[in-house]
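We call the chains A, B and C, going by the order they appear; numbering starts again at 1 in every chain.
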Amino acid sequence: MSAVTATDRNAKATAGATEREPVLEIRDLSIVYSGDVKAVDHVDLSLAPGETVGLAGESGSGKSTLALGMCRLLRPPAVITSGSVIYRGSRVAAGGVELLTQSSKELRKLRWREISIVFQSAMNALNPVLRIRDQLGDVLDAHLNLSSEERHQRLEYLVDIVGIPRDRLRSYPHELSGGMRQRVMIAMALAVDPEVVVMDEPTTALDVVVQREILAQIVELQNELHFGILFITHDLSLLLEIADRIAVMYAGKLVEVGNAEQIHNQPAHPYTQGLLASFPSVHGARKELAGIPGTPPDLSALPPGCPFVPRCRFATDDCRGVDMNIRPVAGSEANHFTACPFVTFESSKSTTGEAPAAVAATSRRRT
Amino acid sequence: MRFIARRLGFYVIAGWFALTLNFLIPRALPGNAVESMMAKYPNLPPSAIAVLDKDFGVTCHAHLVDGLRQLSCSNGGQGSLLQQYFVYLGHMLHLNFGLSVDFYPTTVASTLHTTLPWTLGLVGTATILSFIIGTGLGILAGWRRGGRFDQAMPGFSFLQAMPYFFLAELLLLLLANTWHLFPASGGSTLGTTAGFNWPFINSVLDHSVLPAFTIIITSMAGWMLQMRNVMITTIGEDYVLAAQAKGLSTRRIMFTYAARNAILPNIAGFALAIGFVVAGAIVMEIVFSYPGVGYQVLAAVTSDDIPTMQGIFLAISFAVLLACLLADVVYVIADPRTRTRAAY
Amino acid sequence: MTPAMAEAADLVLVRAGRRGFVRNMPTKAKVGVGVLLLFVLLAIFGPLLATQNPSAATSIVENSRNIALAPTLHHLFGTDTFGRDVLSEWLFSLRGTVVLGLLTATIASILTVGVGVTAGFLGGIADEGLGLVMNIFIVLPALPLLIIVLTFLPNSGVVTIALVLALLGWSWGARVIRAQTLTLRGRDFVAAARENGERTWRLVVFEVLPNEVSLIAANFVGTFLYAVLTSVALAFLGVTPISTWTLGTMLYWAQNANAYIVGYWWMYVPPGIAVALLGTSLVLINFGLDELGNPRLRGSVGRKMLGGGRARGGAWRPTDATPVEILEPSA
């Protein structure tokens, strides 16, 4: 296994940033719980201005930990043990700000104004005893210096852009429907004009119809206001629709990074292939849903090498010696990375929505 | 509002239940209450005995005839149990609690009239103060995990477990008898006349410091521990994390997001706590010889003055129900979710 | 941990394995249990060590020589104003109080679980009715009522007192059990068991009750505490018969003898401390049970950090940022 060089890492870090510098650059981030549980293991991720990056993975994969940890919102016993998180928004000093070295006070100024979060369950994330206008308003008061007239106008603007009637400003969270509450969360996230919005499963708790509406709303708002989105979900099919680039995590490690077409047409990790095979396509012949056999791993007792080995149908003995740094996919474009060294694509032509047989080329059956 | 109406209905039922219980106990339990009182007070005039008979539903008295115990019963005149019940309820509505045996012929109502204000004033104020202080400290203790307050928690639990009067006796010993900082007993200094004059008010305040202090210290621990636990749970809620993510000031997060929600179970738990407050107050008054209802209870127990005991029970019950109702009103104001839901 | 972090943290930590029940019990609870066991042992064997039986008729002449002595070698806790050995009184009183507490807690727990589970399980009108009864008993002040009832029963033994205490103290626990039963009833595993045709009583005993054990235990401990404190208060008032020796009885005699004013501290300090310690042990046990049931309350001081050391500067506020401890430099 070739060691990943610094050049590789640099290339990887700026992958997908095209011409501009990434507004958010996470390098080699590791987060540990209670000393031996590696929830996030040396992850690199970057977000270009206005880009939508999807973070996919199952429960326990570390994606929420990553998102909250990079903003330093995690609580003990979580500790960040390596890496850097550099934010390069247009309002901060040139060269960017290293979030991991900021004090609580400095972080407080950056929070929400630069990076905001839409939480999964709006019912839980909204303060039950405050009216909507107070919850939207206190973040305005904390970060902006508005006159009361401007403040009022801003509140009305915020509920307008997410499609909530203005009289709902006087309501309490429990008086709103689920969909409306999630819209409030989005309005709140956009309240002070952030450059990055982290969305942690924003539509998972909603029914399908409302899901569609909310997602459409999010896309529309992004086109208008040009903020970047880090979209976290277990639903890969969703990301294929709305994300520019997708990163797949398993057991705290990145296993694949690529843009939506690459992930869909040339999934370069057995886990990604498994995820793709887990949801049915509306077109084409009926096929049996494969799913991924086995259960998610115990993060305190990970085997050496690739953590996916117990569930991977292509696993070999060599897999135990894999170092999990991601590397460019052989046979694919330069900005497509995978952690599985055995994947090669014979050609760059896409196959029909079936799980590609590309991996068979250089693997040997496990003895 | 429906919430309050429902609670009010409950309190009315509870009050009725207390009245009924009060009515039934002398009749349900073994022993002839009137006879034991007659034994203690041989000089009770027959008219008093007749009243007591009515109050307790006693129809038979034992006499010694030729060395043998015989019962002579008066028939009629009392009516059936149900009739007695309605007579009793009528008395209650007129606040006629009967005659005090110990201080015959004073009515129980008038003795209560002198003692109740002392108790309500002292215990009421001290309870509110201990709630505020305890809750406030609980907020601080729950906010800083592992901080000094948090580590002192087991120490506070010791305070909570101590019998109230033990602490009272200690304080009495130290502050009153040894160091003579505060008066050792009584509600006001002898020689002052009651009324809105400064010497009287001053002496009242002087005499109430130690008792109030005792109440505050012992009941404060309970509020503090409960608030701390709820605070810790509340801080684990998503909306507090969201508040932190929003970059709000510490003060706003601690008070408007965390404490404002954490205090709700405490207010709801007020009713449960009142029972202990009452018990503590009674005992504390005895230790400090404070002229309130608690002290009256001791006198009543010593002299088996059951009508007074009953009057005190009813008075305390209604005071407690009123306090609970007030707590409910505060709860409705504090938790907007109760205003739309019918049930709580 | 917030629900938003549950996905990452709780699942991860739960999967990391349950690390043992006893090892997880917080220190506070262990101390509480230890002290309580000590008291139980004293309650069982203590009176055997006593030199006198305070309830027995003793020689007045003999005692009159020993009135109100401060602690000596012969009388480790001194004597009271009747010349009786205070240590003996103390040992017998401990037994009395512990027995009373246990008895009350047992009776009350039976009532609490019975009524609470029934109310929670049956629902509907039965639940409303029982709920009403529960609330009434919670709200009515127990002590004045106890005073009246016990005045009518002047020669009551320990069992009677325990019964009366239990009848007035069962309700607050029943409310909690009822709430928990309601929640459990709505859960899937109960519906599944029902679908399987499991009979109701089996459902209750084998599916519902095991999930409420910590609540029942906490309730038992709490009632024990209530019984101890209330019985002490009642004895102090002189309501309970002085023939039964409890710690409150000792305090009653102390108050009677004006021990506080005259300075016979050995008459009231031992029983007072005993009550305080017994009570504290119960409160600590309840702390532990609280933390078992609600993991968020655990571990307020010192967390296991990397390399096994303790966290620096233990205190943590919710507004603190995630700590960063870079171990090795990144490439």
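Throughout what follows, contacts are C-beta pairs under 8 Å (C-beta built on N, C-alpha and C of every residue); 3 or more make two chains touch, one makes a residue touch a chain.
Small disclaimer: the values here were computed from a predicted structure and weren't measured.
Participant: Counting C-beta pairs in contact, pick out the pair of chains that comes out on top.
Facilitator: More C-beta pairs are in contact between B-C than between any other chains.
Participant: Counting only C-alpha atoms to place each centre, which chain is farthest from chain A?
Facilitator: B
Participant: Closest chain to the overall C-alpha centroid, by per-chain C-alpha centroid: which is it?
Facilitator: C
Participant: Can you check how far apart chain A and chain B are, centre to centre, with Cα atoms defining each centre and the answer in Å?
Facilitator: Computed from C-alpha means, the inter-chain centre distance equals 58 Å.
Participant: Just give me the whole-number Å value for how far the CA centre of chain B lies from that of chain C.
Facilitator: Each chain's C-alpha centroid was found; their separation is 22 Å.
Participant: Report, in whole Å, the distance between the mean C-alpha point of chain A and the mean C-alpha point of chain C.
Facilitator: 49
Participant: Find every residue in chain C that makes contact with two or more other chains and list them.
Facilitator: In chain C, the residues touching two or more other chains are 1-5, 311, 316, 318-319.
Participant: So which stretches of chain A touch two or more other chains?
Facilitator: Residues 73, 107-108, 119, 121, 124-125 of chain A each touch two or more of the other chains.
Participant: Which positions in chain B are in touch with at least two other chains?
Facilitator: 237-238, 241, 244, in rising order.
Participant: In the complex of these two chains, what residues of chain A are touching chain C?
Facilitator: Per the touch definition, chain A meets chain C at residues 6, 9, 27-28, 31-37, 39, 42, 59-60, 62-65, 68-69, 72-84, 100-104, 107-108, 119-121, 124-125, 200, 296-301.
Participant: In the complex formed with chain A, which residues of chain C make contact?
Facilitator: Residues 1-5, 7-9, 11-13, 15-17, 303-308, 311, 316, 318-328, 330-331 of chain C touch chain A in their complex.
Participant: What does chain B use to touch chain A in their complex?
Facilitator: Its residues touching chain A are 237-239, 241-249, 252, 256-257, 260-261, 334-337, 340.
Participant: Inside the complex, what are the residues of chain A that reach chain B?
Facilitator: So the residues of chain A in touch with chain B come to 71, 73, 107-113, 116-117, 119, 121, 124-130, 138-139, 142-143, 172, 174-175, 188.
Participant: Which bits of chain B are touching chain C when the two form their complex?
Facilitator: Listed in rising order, the residues of chain B that touch chain C are 10-11, 13-14, 17-18, 21-22, 25-26, 29-31, 33, 143-148, 150-151, 153-154, 157-158, 160-166, 169, 172-173, 177, 229, 232-233, 235-238, 240-241, 244, 250, 253-254, 258, 271-272, 274-275, 278-279, 282-283, 286, 297-298, 301-302, 304, 306, 309-310, 312-313, 316-317, 320-321, 324.
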